[in-house]
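Down below are the structures I want you to see.
The same subunit A turns up in both complexes below, where it pairs with subunit B and then with subunit C.
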Partner chain A sequence: MTDESAGQDIRLYGLSKYYGDFRALDDVNLHVAAGEFLTLLGPSGSGKSTLLMALAGFVEPTHGDIFVGGSSITALAPEKRDFGVVFQGYALFPHMTVAGNVGYPLKVRGLGKPEIAAKVRDALDLVQLGHLATRLPKQLSGGQQQRVALARALVFSPKMLLLDEPMGALDKKLRHDLQLELRQLHRRLGRTFVNVTHDQEEAMAMSDRIAIMRAGKIEQLGAPRALYDAPETRFVADFLGKSNFIEGKVTGIDAGIATLDTADGPVVHALGTRPAGIGDSLLLALRPQKLMLGPGPNSRKATVETAIFLGTHAEVSLRCASGLALALNLGIENAQALPAEGTTVELGWDPAATVAVRPD
Partner chain B sequence: MTRRLTPGLILCVTIAWIVVGFLLAPMFISVPLSLTPERFLSMPQGELSLRHYASVFTEDAWLGALGDSAMVGIGATLIATFTGGAAAIGLWRIGGRAARIIGVLALMPMIVPPIVTALALSRAWVTLGLFDTVFGVILSHAILGMPFVFMTVSAALEGLDPRIAQAARSLGAGPFRTVRDVIVPNVKAGLLTGGLFAFVISWDEIIVTLFVSSRSVYTLPRKIWSDIRDNIDPAVAAVSTLMIGATVIVAAIYLLRDLARAKPKDVS
Partner chain C sequence: MPSPADKTARPTGFRVALRDARGHLDPHWWLVAPILILVVCLYLLPLGNVLLLSVSDPKPGLDNYERIATASGPLKVLLTTLRLCAITTVISIVLGFCVAFAMAHVRETHQRILVVAVLVPLWISVLIRAFSWLVLLRDQGPVNDWLMQSGAIDQPLALVRNELGVVIGMVHYLIPYAVLPIFAVMRGIDQRLLFASRSLGAGAVTTFLKVYLPLTLPGVFAATVIVFVFGLGFYVTPAILGGGRVVMLAESVSVAILQTVRWGFGAAQSVVLLVLTLVLIGIMAKTVGLKKGFG
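Take a look at the complex of A and B:
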């Protein structure tokens, strides 16, 4: 048996799954470190759930191999993999009590009754549901069911925990609480967690790293902060938080600062770690909160189309002379002085605020 | 409770009761006939007797028929419940178009006219050496009862989240253990209802039975049928009455259980 306290690493080599001509997974290579919390994030149909189900053993890959802790599990039946899985909709056994559900994996493993009772009690305490052990799943709220599913998936000390949209059916407030709880649980247990979601906030809140998936491939993989600050493609820049996009051609480069010719005039852009040459076409991504009212190194005049106060910030939609739409977020300290709709304002941004991304 | 009695409603209810009477009255004719003290089938004139009931439970021919029917019925029910339930669960797991096509095939024994099944089975059983054997009759009745189990179990599975089967697998249970521990307990009602159907179908099956048996298997409906043709022993009426009684009791138990289960829902 492996050391119970440590998670195990996962390696995917060229993992593909075809349904006829449709490539649900298309040559995915991925290394999840032992003890890591990795989230697969993507829109529906991006292959994230297929990837998770391939890990769990319910989807047989067309090509490729899955290694866990150094040995291939590609041909292993789901029940032999020893992974905890939290399913979408929780998939609790409706005819068993909470204790029955949580104790089931231990019963299957042939543990004695006193041992099962003790472990079930510990697992339920871990998710703060000890007092509901004799209830049936249908007598619990959504959040409680989710915790039972979590306790059931963890009670047998699995090598890793797979979560398929675990917060999907919960309301926003509860989701936030459970995200924090799950994150703490992960830190405490030190096991490998792989989570699937389409909710970028959830992904950012819990994960060590995020793999953004699109059309069966991993589009970009990295820490939440790195992905947010340095998206590589237009898709990532737009899916993980919103972005403005400005197209231009490089006309000059001086000390890492490129000058671009765009439809609304010149733009200066700090190249950073992504080199470019004169004459290259670049697509720049610009976060709405990095756009500021008032002149800056880059300056534009634009008409205010809508300005909405949202409490924590204000959202302003603008349109430039070329017809380019820009979204601008004002922090709470500036949100009091919202520009009036229909007026023309000057706005600007720092050369380092833009990131060159690959177009789709 | 406060519904107003319009002439239309009165007419409607009257017709409904006439139809019910029309459907049920002939069935109950066997009750008075079975109580006649005479040795031939007749309406009792004043005096009532239970002698024909006594003969049903003492004469070897009747007891043998009862025994055969019970054996065939139980055997057919077990096989139909197992195969029909397994088919329904398997197709539920597979899903998709293939499952739907096979699902229609599984209902065929119910759709094909019994006489066609009877002819086909009698030919097949002769070839297979199952003609006029208890096992042959059991198998024939199981084929007829299987679609009912398939239907009721499929209906019970409809509301079940397929992911609970995956959940059981992920928790360490193999495919068979998953069916036993997680799926079967959730379709128990469907299996019981289907099994009951299968038993009732076997209990009063006559057409196929006539074609696949001759002398060594003699079920109750066969005995009744041949008795009515050969002589008019009132024991037939006694048997019919007993069968009606059994049906009414089973139906009542079912109805009461359903009502008891439906009650808490009404309150909330």
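Take a look at the complex of A and C:
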């Protein structure tokens, strides 16, 4: 038997779920390492919640296998899986107190009263809610309910914790605080966490790795930084932060720098680890904050359509001569000198700022 | 010059107070005035008269009430009424719970069929239903015929003209009133609560007993009161299916008024019926709330 406090790894092999012709999950293969915090990120309908519910045992996969710590759990009933689940909306039992909710998993496991009381106290202390044990869920704020749900899902020391949009119902400020808390909790407990969200900021803030889901498949899997800096597809580049997209044909390559012919003239692009040949069509993704005003490499002129100051940065919408729209973010140090709407400005970007992505 | 109260006044369509902030009667009340007048003239005033009769006929005093509480005949009627209502309620709630559970958990198309199946009997006259049961359950009726032909019994079972017949008829009438409040509550139960229970290690049975059932209790309680209260006032069903051997309160009132012409005694029994009903509805309003109880 492994150490109770350690997480276990999850392996999915060819997991599929069909509803008639609709493929909610389409041949998903995934390995979640023991003790990892993995987030399934995607728009609604991408299959992320279906995947989580399949893990929890509430969705029976059409094909495929789920292994936890080396043994298959595909045929196991939900109550036998020993996963803590934090549901969307928390799903606290309205007819039980906070202590009743947290004690429930221990009670159904047949633990004695003193033991339950001690464990409930520890779990509530973990989420700093010890003083609210006798309240009913409806007497708690959204953030407190979320913590109770967390305590309830952790109190029986499950091998892993599944979180279904755990921050969905909270306001932005609270969400940020709880993200940090959840991250710390994960580091402290060392268990495997699988989180589902459509909020890319939440995914970036908490996860060791992010799996970006689309149409029932995992589009790309990697550390937040790697996904952000090196998206493989147009979808990922656009979903995880914003991107500008520039299409062009390679006309020359010199020392890893390709020259592309685009609608707005030539563009130089550092190929990096993604090789290309002369004559290839490339789609380049370019982050708005990597665009710079003023002369430089890839210099061109564009008209300012809107310029909005947002406190931490400014957002400028530009249009090039070809009609291509570009979004540009100015850092706070440059935001003071915001260009006027309707004026023509010169802009450019570093050849290494663009990354070639697969079109959809 | 608008007064400060104008700022807080909501659009007239949403106003619920009898008078607005300035003490004017809300003009919407004129729309219900005719009904209010009718109710007062044709219902509340005669009801007051009934109350009066019960303590004044044949002579002033509480003799009529004393009779209900002590004389063996009237007391038996009251106890029969309460007993039959209790039996009917228990059976109706158990069966209604099953039907409501099925309705709340089948596919939507099937749910619609079930809802219609529950509601259709409500449109059929109670008289027709009582006679139908009489035809079905009498000694030479199809039920006894079939049982005898199949060799299950030698003698016809006494299914009607007794308390059993009354209970069958009453349960049949009252099941929809048990189903609907329970169904309304069941439909409002978040599926995720059941998922949560399973994920926390509880099996299907434990989940039902510890999570699902407690959450349906407001509906069950409301249904219990509604069914019991309706049952108290049953007249046609016991009169027909009881075959004169099962007398409930409403029939006893009718006999006192129409046959023995003891109006004061009939009035007193009516008042007992009314008070029982109001007390039960009061309990429901206090515990689960009328709104929840009636869906």
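Quick note on the criterion: the second predicted complex is superposed on the first by the 358 of 360 C-alpha atoms of A that agree within 3 Å, B and C clash if a C-alpha of one lies under 4 Å from a C-alpha of the other, contacts with A are read in each partner's own complex, and residues count from 1 in each chain.
Convention: a contact is a pair of C-beta atoms (placed from the backbone, for glycine too) under 8 Å apart; a residue touches a chain by one contact, two chains touch by 3 or more.
Just so you know, these numbers come straight off a predicted model, no measurement behind them.
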Clash or fit, subunit B versus subunit C on superposed subunit A: clash
First (subunit B), second (subunit C), both or neither touched by A:Tyr104: both
Touching partner for A:Trp349 - first (subunit B), second (subunit C), both, neither: neither
Partner chain(s) touched by A:Phe235 [first = subunit B, second = subunit C, both, neither]: neither
First (subunit B), second (subunit C), both or neither touched by A:Phe193: neither
Subunit C-contacting residues of subunit A that also contact subunit B: 56-58, 77-79, 81-85, 87-89, 91-95, 104-105, 108-109, 152-153, 156
Contact footprint of subunit C on subunit A as seen in their complex: 56-58, 77-79, 81-85, 87-89, 91-95, 104-105, 108-109, 152-153, 156, 162
Subunit B-touching residues of subunit A, taken from the complex the two chains share: 56-58, 77-79, 81-85, 87-89, 91-95, 104-105, 108-109, 152-153, 156
List of subunit C residues in touch with subunit A within their complex: 190, 192-193, 195-203, 206, 210-211, 214-215
Contacting residues of subunit B [partner subunit A, same complex]: 160-161, 163-164, 166-174, 177, 181-182, 185-186
